[in-house]
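Structures given as structure tokens follow.
Look for chain A in each of the two complexes below; its partner is chain B in the first and chain C in the second.
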Partner chain A sequence: MAKSWYLFLVPLLALLSLIEFYPLLYSIYLSVTNATGGFSLTNYSAMVRDPAFWTSANVSILYSLSSTLLAVGIGVGLIYILAQDFRGRRLCEILFILPMAVAPIVVGTLWSPASVWDDIQSFMHFVLGFHYFDELTPLFYFPVMALSEAWEWAPLIMLVGLSVMNSVPRAIYEAADLHGASAWQKFRMVTLPAIFKSPVTQFVLVLRFIDAMRAFEIPLSWANWVGQPNTIGSPVDTLSLFLYKLLFIPSFGFPIGLVSAVAVSLFGITLVGAVILLRLLGAIGGITK
Partner chain B sequence: MSEATQEKASPVEPTRGAKRLKRVLLYAAATLACLYSAWPLLVMGLEGYSIDLSPFFAGRGVRLVGGVPFYSGGVFPSPIHYLDALVIGAFPRLVANSLIIAFISISIALAVGIPVAYILARVEIKGKNIIAYLLLALRTISPFVVIVPLYITYSRIGLYDTYPGISLAEDMLVLSVVVWMLRGFFADIPKDVYDAASIFGNTEAQVFRRVVLPMVIPGIVVTALFALVLIWNEFLIAVTLTGPSTKTVAVGVWTGMTENQVNYRSVNWDDLNAAGTLAFAPAVAVMLSIRKYLAKGFSLGTAR
Partner chain C sequence: MHSQRFYCSPLQTVVDLKARSWILVVVVAAALVGSSLFYSQSFLAPPASGNSVKIDVQIIGGVGPGTTDTYDPDNFTVTQGDNVTLSVLNTDDNTHGLVITQFHVDTGIIPSGNTVIVSFIADKTGTFEFYEPPGYCTGGVGNVCNSVQKMTGNMTVIP
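What follows is the complex of A and B.
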């Protein structure tokens, strides 16, 4: 009886073998072979000696840290607004989740210096009287790039936070009312701790961080906006974009071994994240719930 | 005067003025947050019509010239960029490609994933945790580990730039999402339903087919729509494995628009914005229609 259920796992394993296991093993194989087909670690040593790799690794870490933190900050702000009771709250809720539905490659275009930032520039210059600032300096465009990533994913933090908030027992809020707590105090002392102590939130945050570590589309757009689509090691090159440029810019000569080595290393990094995810999943109650 | 005495009477309670100030602040914050969320999309949609809002801040834009409103925003509003995207940009073809790829990909994911999701939610068999954890771990894989070998293999066996090839590859994006989301929908069905159905002598397989599956069809629709948006928005796998004949919307919006440019000042922004609007509008519409389930989808079923 129970054995027949295993039959249903066969298609899954077949599909996964085709699109995950086989390519993964192939990548590992490519990363440890040299041009003549023998085993060697030259790809990895070339990777470690490549300054562009280290720049991209740093950019990736800075990018995912800053965009995740920004998303948390913005998400908490959105939760605070939606935790209040006011007319138009439902409309706000709908508008707030819009960014999540937009393709990342379009988000890269939305937040480009020519669209939204053009308006903000004009507003700051003509209405507030600031000087025009140069959009092509990393000090300007890196934060904006991280902000656009946060713009897209803050609604996710918001949704998860709201679902956790709704599971907080009403009695706690009533007790806070009895002690004369203000709305802000209740939010800061009850809602926020509940949200960030919940393993569900932590799970989503780690997932978001891992996804940001692989961020590709938004940095790709920015590489074009700031005029660096054909150079590696620029301040917009995340690890994924570094790989993409190595692969698709002909002058690098399709360095398949190096690309595989970097990809496998990136895989190793995200695997650490996956282990953390699994532990959090255990705390949530896992799949047996 | 009476208001002032009231305020003195109850110094602990917030005054009416303070309450009103709080209201005003709340509405201001809500408005600001709404603008922040929707403004970029609005700007993109308008700039597709060559309506550039920034001159308004410069005191130009629309003003009265001899009593007649006169627009001096640079370019006159026109639908030409949308028409260009639809006709020259071959947008209908891109949409068809995206939908075909999504259809094949989601069909495979559902056919493979529905029984697995049911097993994860309801059936006690050994090793099912391994399956669940495997799917989660695969969700975190960098696509580059997979697409480079797939690109080489596809080129060799002729699957490059074909619907089956790219659809299979997109399954690495949606398969885990489909299984985890559906698992949640199966788990939401009360246990009594299973018990009641098996009392009438149904086998486990019959319970699944006759009782559980019909109940979970709305969940399947939601899952399919969610996966559809994921594939519609997906760029990296598509740009690597599709060629001229299977290009998807996300790829089509980007390539062609950004050729021969030095930096953002040399891009044809109106065309890019029109195409971008056509790309995000359907995705936003679908996502809003299933917005109750977004938390579930994006958190792999952990949040509800």
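What follows is the complex of A and C.
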């Protein structure tokens, strides 16, 4: 009886093998076989020789890093506002959370040239007398894209930060008050370290990075805004979008083996990135202790 | 990895954070700078030193039974390194399109009377077929699109 405890795992393992292991192993299988079913690494060699793969992988990394950092910046700003005592604080909290409720594809549309930037351009040109700027250069639209992703997810950082902040003992703030600390000093020396030292925040940051590595909807809508819906290796192609275009644009000929190889690589890159981040965050006192 | 389990004071927290966080900062900053450099090199560099070549291609519908739709011209030559701009005008009453697989060129489905402009750098030499993939020809009078029709042409890239 004492040794039959593992029988209780069987239903869970059966479910996991159906929903997790089977698709994962099958895509790995597809990526290492050729059209006739034999083992071959041609898919991987085709992938590493494709410059579009490398630019897409780079776009993914740059996009996730910059949007995560921007989200942290915005989130910390929001926390600072909400750490103060003022009338309407609850209302502000609700307003700040709103972006999280917007679907990513709508974020991609909201921040687009057609809905925002053309109007800003017109205002700046006709009212303020500036020259038009080129909104279709990657120098402009890539930061905007990363910012829109950050805008959507900053409330998550804010929520986590606020909950961590509320768990800091009041005595510490009172001690800071006794020493005559200003609101900014209390924020910088008590609240911020508490937030970033918390395993919860670190875990959420890594999750956000992983999620941004798989970003799809916002880059997809931008690919359409900048006129690159049918080309691969464009300045907005993340790995997910690269994979999607390879698979669904007819002229690429449905290269399922190559797509599987890219999918497996995306999985690998994300995993490695997440492990590195976890380790580094652990080094400043966190989860991997 | 000492003293991490016991948080005595916020002061200790600050010291720990300052002592070790530089590794994280350095790695993240390096990744950020590296990928920015690679990004700007991939997408912000001036286009290859080749000339800009603009080629107007018209899609002309066949007239009467037995004739097929054609590209005009169905044969053109560019030099390696050229920055080629294809302006594809569909004069037929059906929708059409143009694809060059090797250069990842795809106009998408062009409605009747519309022009689609695609650009690419001819970085490979050889003769490359451009064609209309299945499903791009739709609609029009009499619905003459069928699987038999295959519009093709050739692009030659000379060194």
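Criterion: the second predicted complex is superposed on the first by the 245 of 289 C-alpha atoms of A that agree within 3 Å, B and C clash if a C-alpha of one lies under 4 Å from a C-alpha of the other, contacts with A are read in each partner's own complex, and residues count from 1 in each chain.
As a working rule, a contact is a pair of C-beta atoms (placed from the backbone, for glycine too) under 8 Å apart; a residue touches a chain by one contact, two chains touch by 3 or more.
Being a predicted model, the structure only gives us computed values, none of them experimental.
Peer 1: So in the superposed three-chain picture, is A:V200 touching just chain B, just chain C, both, or none of them (first/second/both/neither)?
Peer 2: first
Peer 1: Looking at A:T42 after the superposition, I want to know if it touches chain B, chain C, both of them or none. Which is it: first, second, both, neither?
Peer 2: neither
Peer 1: Tell me which partner A:L281 touches in the superposition: chain B (first), chain C (second), both or neither.
Peer 2: Touch status of A:L281: both partners.
Peer 1: Quick one: classify A:V190 as touching chain B (first), chain C (second), both or neither.
Peer 2: Only chain C; A:V190 stays clear of chain B.
Peer 1: If we overlay the two complexes on their shared chain A, which of chain B and chain C does A:T55 touch? Say first, second, both or neither.
Peer 2: The second partner, chain C, only.
Peer 1: Quick one: is A:I172 in contact with chain B, with chain C, with both, or with neither? Answer first, second, both or neither.
Peer 2: A:I172: touches chain C, not chain B.
Peer 1: I'd like to know which partner A:T33 touches here: chain B for first, chain C for second, both or neither.
Peer 2: Once the two structures are laid over each other on A, A:T33 reaches no partner at all.
Peer 1: Who wins on chain A residues touched, chain B or chain C?
Peer 2: Tallying touched residues of chain A, the top partner is B.
Peer 1: Per the contact definition in the header, classify A:T109: touching chain B only (first), chain C only (second), both, or neither.
Peer 2: first
Peer 1: Kindly list the residues of chain A that each of chain B and chain C touches, one partner per complex.
Peer 2: 229, 281, 284, 289
Peer 1: So in the complex, the part of chain B that touches chain A is made up of which residues?
Peer 2: Contacts found on chain B: 23, 26-27, 29-30, 33-34, 36-41, 43-44, 47, 52-55, 57-59, 108, 111-113, 115-116, 119-121, 123-125, 128-129, 131-134, 136-150, 152-153, 168-169, 171-172, 175, 183, 187, 204-205, 229, 232-236, 240, 250, 253-254, 258, 261-265, 267, 269, 272-273, 276, 279-280, 283-284, 286-288, 291, 294-295, 298-300, 302-304.
Peer 1: Any idea which chain C residues touch chain A in the complex?
Peer 2: These residues of chain C touch chain A: 1, 4-5, 10, 13-14, 16-17, 20-21, 23-24, 27-28, 31-32, 35-36, 38-39, 42-44, 99, 101, 104-108, 118, 133-135.
Peer 1: What residues of chain A sit close enough to touch chain C in their complex?
Peer 2: Where chain A meets chain C, its residues are 52, 55, 58-59, 61-62, 65-66, 69, 137-139, 142, 172, 189-190, 193-194, 196-197, 229-233, 235, 249-253, 276, 280-281, 283-285, 289.
Peer 1: Show me the residue ranges of chain A that touch chain B in the complex, using the header's touch definition.
Peer 2: It comes out as residues 1-2, 4-6, 8-9, 11-12, 15-16, 18-20, 22-24, 26-27, 30, 77-78, 81, 84, 86, 88-89, 91-92, 94-106, 109-116, 118-119, 121-123, 125-127, 135-136, 151, 155-156, 159-160, 162-164, 200, 203-204, 207, 210, 214, 216-217, 221, 224-227, 229, 239-240, 243-244, 247, 256, 259-260, 262-264, 266-267, 270-271, 273-274, 277-278, 281, 284, 286-289.
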